[in-house]
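Below, each structure is written out as structure tokens.
Note that chain A is present in both complexes that follow, paired respectively with chain B and with chain C.
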Partner chain A sequence: MSGWSMIRIATILVYLFLFAPVAVVILLAFNANQFGGFPIEGFSLRWFEALWHNDAIVRAFKTSLLLGFLTSMVSTTLGTMAALAMVRYDFPGKRTISTLLVAPILIPEVVLAVALLLFLQALSMPKSFGLLLMGHVVFTLPFVVLVVQARLVSIRRDVEEAAMSLGATPVQTFFEITLPLMLPAVMAGMLFSFTISFDDITGTLFWKPGGVETVPTQIFAMLRNSISPEINALGAVMVIFTIALPLIAASIARVMAMRKLRASNRKTQAA
Partner chain B sequence: MADTTNAVELQNVVKRYGEFTAVKRMDLTVPDNSFVTFLGPSGCGKTTTLRMIAGLTDVTEGDLLIRGKRVNNLPIHKRNLGLVFQNYALFPHKTIFDNIAFGLKYRKVAKADIAKKVTDALELVQLPHVADRYPNQLSGGQQQRIALARAIVIEPDVLLLDEPLSALDANLREEMRVELKRIQRELGIATVFVTHDQSEALAMSDKLVVMNNGIVEQEGAPEDVYNNPASAFVADFLGHSNIIAANLGSPNAAFTSVNLQSGETLLTTDEQTAKTKGSTDVRAVVRAEKIQLSDQSDTGEGVIAIPGKIKTVDYLGQQARYFVTANGRDWQVINPIDARPHKEGADIFMHIAARNCVLLPGHQD
Partner chain C sequence: MAADITGTRRAPWMLLSPSLATVGLLLIIPMLFIVVYSFWLRTATGADQVGFYLDNWIEVLGDRFYRDILFQTFAIAFYTTVICALVGYIPAYFVANTPVKSKAFLLLMLMLPFWISYIIRTMSWINILGTSGALNTVMLSLGIIDGPIQMLYNQTTVVLGLVHYLLPFMILNVYVSLDGIDKNLTEAAQSLGCTGFQAFREVTLPLSLPGLAAGSLLCFVLAAGTYITPIVLGGPRDAMFANLVFEAIVTQLNWPLGSALSLVLLALLGALVVIYTRYLGIDQIAKSFE
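== the complex of A and B ==
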């Protein structure tokens, strides 16, 4: 057997190891039988229907969506501003601040979770949805900062200087030139923070106030009682949701770019 | 007090970055309609000066006037300037039309007028059919023309050009140089041009400002600066010069002898000796292309012949650059090639006319 076919087989095995469990969950979500197992006995959407009628899950889903949406908004706004400051301005302590901003990626999430909790206890503040949101912002922020910073570095300063020399104020220059040019990175950062927040369980378990569940913590709670096929269905929904969102966003971006290019080509030919 | 016929005026302008002084006490005027070039090696302060005029860098000391008005504290977007960068700096997400219209939009020009002005500007830079394209669909030279159109369409008080030709390749650069000069003439717009390329500077300027280490070494018409360098730096930076310490001899009828420290004696004119302010310590500056090489000594009125040996030959096509050793000293000589360049190792005579021996006072700057 040649070296290449060994590598090919190894690759296939690794992918199987990574994705087979996910595939099993999705397959079992369509299983008609109450007790999961192979071979699958009949195709059914009853578990998805059950999901739809399970108030706790619907509530958790809404909470996750709201939390993800707010996290991505706050993180993207703060992260973009931080990236701008890091790339465009010089100020004392810049390096330290830059390291601190990215630090949450390097620190184990459990440590971060406990730290924030202890900190709030020291301030004798109770757990709240606000605290949960704050926690999510803390560890999604580095992703936004890194993505936007990378893009911003490639936007030449002289493009902004040209805009100002033509009479645009710094604020007008930001909205007319800088923001449109870095928009892809801002959108990517927003998607990143949404998905990370939507998927997170560790920090959420520590920070969530009583009675509030997100989809991951809801699944976790349900698993403690029994392995219901509903969980498979919920898992399938989560997988589809987190994969589809970036794909849809990317294809929208591509369609818009194509349309713009085509319009300009048409005009060029007409000229 | 302020002279309104000057587009830009710098009075005692200083720029410091912490301990480092980038521009030291600069006094300069850019007259209306004129083309002024800042020439110098990188780090000489030419770009810093341009950025101060533009408002992209603030002035540490002194006064900066545009059209007679002090603008030290006026932000860039309120100075009416046209700025062209080395890397074009077009807005990549906007069409060519929108790029050029950008400045007009902020000047509250009516829509119909904007279209007219943009079309005129595109005509002027000879790219009438690209309005709907995006910058990345144009070549480098075309992009730079658009950048120029964008800068002049707002009818700026001054046009500031920061090495605008440096990113273009050699042939295109010459074409753009002619084009740029034509447009500047046509519009009669005061222009400040920054470059490190001496041929661009000599070809384009009405006034040449040679800078080094944050000071103005010399300013004047290109021919004057070229033919009569005021310092060893200028003599060496513009073209190739032989600079040799010497002592002045006593004047004879027509010429004064210049005794080089390397042993030879040259002749010079009264016009040159007048610059030495009575001192006999001087430096003789002889441009490489003003020395004639030939096999035979052929001295005429005011011409000295120095025998030497050709050490190396640099073949450049229309001309050749020689290093000639005479009395243990190397001379640089650039001569047009007649049929064949002189051979390496050949014995040769260097002919130097008195009018080509320029003097600088003192043995050192």
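== the complex of A and C ==
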């Protein structure tokens, strides 16, 4: 056997290792067996139905969605502005600022969680949804900055300069030229921060007030008893949700790009 | 905003100020605060004694219990990192050298685990290794074992869970540096008489070391800072350092002690990051976002 085909087989095995356990979660979610494990006793949707009627889980889902949405809004707005500054301008202290912006990634999340929690408690702010939001914004922000920055570099400045030389004001240029060109980068940042927030458990367990659960902390709490088929079903929903969302977003982006391309083709043909 | 786009001196600072304020108020100041807080004392009544007491630090640095768990934490993080490096290099190499068409698909598949929740990927191993899990079921039906055996809740499963969680980080980082290598270099080496393996050892491997280092740093720091995996997949004796922090802060409500504990973790992992940036620069990690 050649070296290359051995590498290929090893690669397939590693990919299997990454996905097989998750595939088993999805498989067991449809299992009719009443104790969340093997053997497979037939296809059933009863665990998804049980999820739907479980108030705690539905509440956790709503909390996670709201938290993820607000986090992505705030940190994408802040992160995009920062990324613009980093890509478009030269200024003294840029390296320090850049380190400062990615600092939340470099600090272990546990430490970040402790620091924020204790600081706000010392200011006599109790644990709240607001604390959760602040925490999620801080640690998603660097990811947004990095993602948007990486995509922003590829936008050519001369298009903007052309617009301005043709008489567009800077504000017009920003909204008519820069922002549309930036949109994929901004969307990527939004999606990224949403998913990080939606999946987070390390910080969330520190910050969440008693009685408030997000989906990951709810799963964590349910695991303490024993693994129930409901957990597998919830896991399957999460997986479908977090994978479907980016894929849908990607295909929408592609359709939009195609349409734009066709429109501009038509324009050039008309001209 | 009007004149800013053309670039005045104030513009970048106006764009940066909301982010810098956020990081400053919600990260830098809180970090400084827990440094101060770690010298306070939690009294038996539950109130904080403000002052300069070394008690927390003497307890954290002097007590064997904390030292043992610290060693255990670093051992687990070390095993995880080494396994990730060994197991992750091969698929990274494969993806970097595969034809363009399947490359996009393989890369997408590598990104997918990042979108799947950490807690689900961790707990998924219970379905595989648990007493009613896939492995036991298969072995029972093949007659290899007579009754289900407990494979979960030990240090090995903690490492397994962490490898499963962190492997994509490693693969992606190694891939980025392998992909950046000029293919002409290995061809040149081979035309000068190197065997394929020699070319790999003398050219490709050294050039991919920055990616390997970046991936290792990420794996080590993320592994050493976790407390979820030991709770879900570990036994009672497999606590890691972050579990102590969680216990002190959330269960015992001893915040000054928790501050000191988290600062120890930060100092040790921070030292690693500083050494790394001194020699390789932080840019390598940022590359994997492109």
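The criterion applied here is as follows: the second predicted complex is superposed on the first by the 252 of 271 C-alpha atoms of A that agree within 3 Å, B and C clash if a C-alpha of one lies under 4 Å from a C-alpha of the other, contacts with A are read in each partner's own complex, and residues count from 1 in each chain.
Heads up, the rule we're going with is that a residue touches a chain if its C-beta (ideal position, glycine included) is under 8 Å from a C-beta of that chain, and two chains touch if they have at least 3 such contacts.
Everything numeric here is computed off the predicted structure, so don't read it as measured data.
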Combined model on chain A: chain C and chain B, fit or clash: fit
Touch check for A:87: first (chain B), second (chain C), both, or neither? neither
Should A:165 be classified as contacting the first partner (chain B), the second (chain C), both, or neither? first
Comparing chain B and chain C in the superposed model, the one touching more of chain A is C
Should A:101 be classified as contacting the first partner (chain B), the second (chain C), both, or neither? second
On the A-aligned overlay, A:212 touches which partner chain: chain B = first, chain C = second, or both, or neither? neither
Would you check which partner chain A:7 touches, where first means chain B only, second means chain C only, and both and neither mean what they say? second
If we overlay the two complexes on their shared chain A, which of chain B and chain C does A:50 touch? Say first, second, both or neither. neither
After superposition on the shared chain, which partner residues are touched by A:249: those of chain B (first), chain C (second), both, or neither? neither
Which superposed partner A:17 touches (first chain B, second chain C, both, neither): second
Scan A:187 for contacts with chain B and chain C and give back first, second, both or neither. neither
Three-chain overlay, closest Cα atoms of chain B and chain C, distance in Å: 7
Chain A positions within both the chain B interface and the chain C interface are 164, 169-170
In the complex with chain A, residue positions of chain C that touch it: 1-7, 9, 11-13, 15-16, 18-20, 22-23, 26-31, 33-34, 37, 87-88, 90-91, 93-95, 106, 109, 112-121, 123-128, 130-134, 136-137, 164, 167-168, 171, 196-197, 221, 224-228, 231-232, 242, 245-246, 249-250, 255, 258-259, 262-263, 265-266, 269-270, 273, 282, 286, 289-290
Would you mind writing out the residues of chain A in touch with chain C in their complex? 3, 7-8, 10-11, 14-15, 17-22, 24-25, 28, 35-39, 77-79, 81-82, 84-86, 88-89, 91, 97, 99-104, 106-112, 114-122, 134-135, 137-138, 141, 143, 145-147, 150, 160, 164, 169-171, 173-174, 178, 195, 198-199, 201-202, 205-206, 215-216, 219-220, 223, 227, 231-232, 235, 238-239, 242-243, 246
In the complex formed with chain B, which residues of chain A make contact? 156, 158-159, 161-170, 172, 176-177, 180-181, 264, 267-268, 271
Touching chain A in the complex: which residues of chain B? 54-56, 75-79, 81-83, 85, 87, 89-93, 95, 102-103, 106-107, 129, 131-134, 137, 147, 150-151, 154
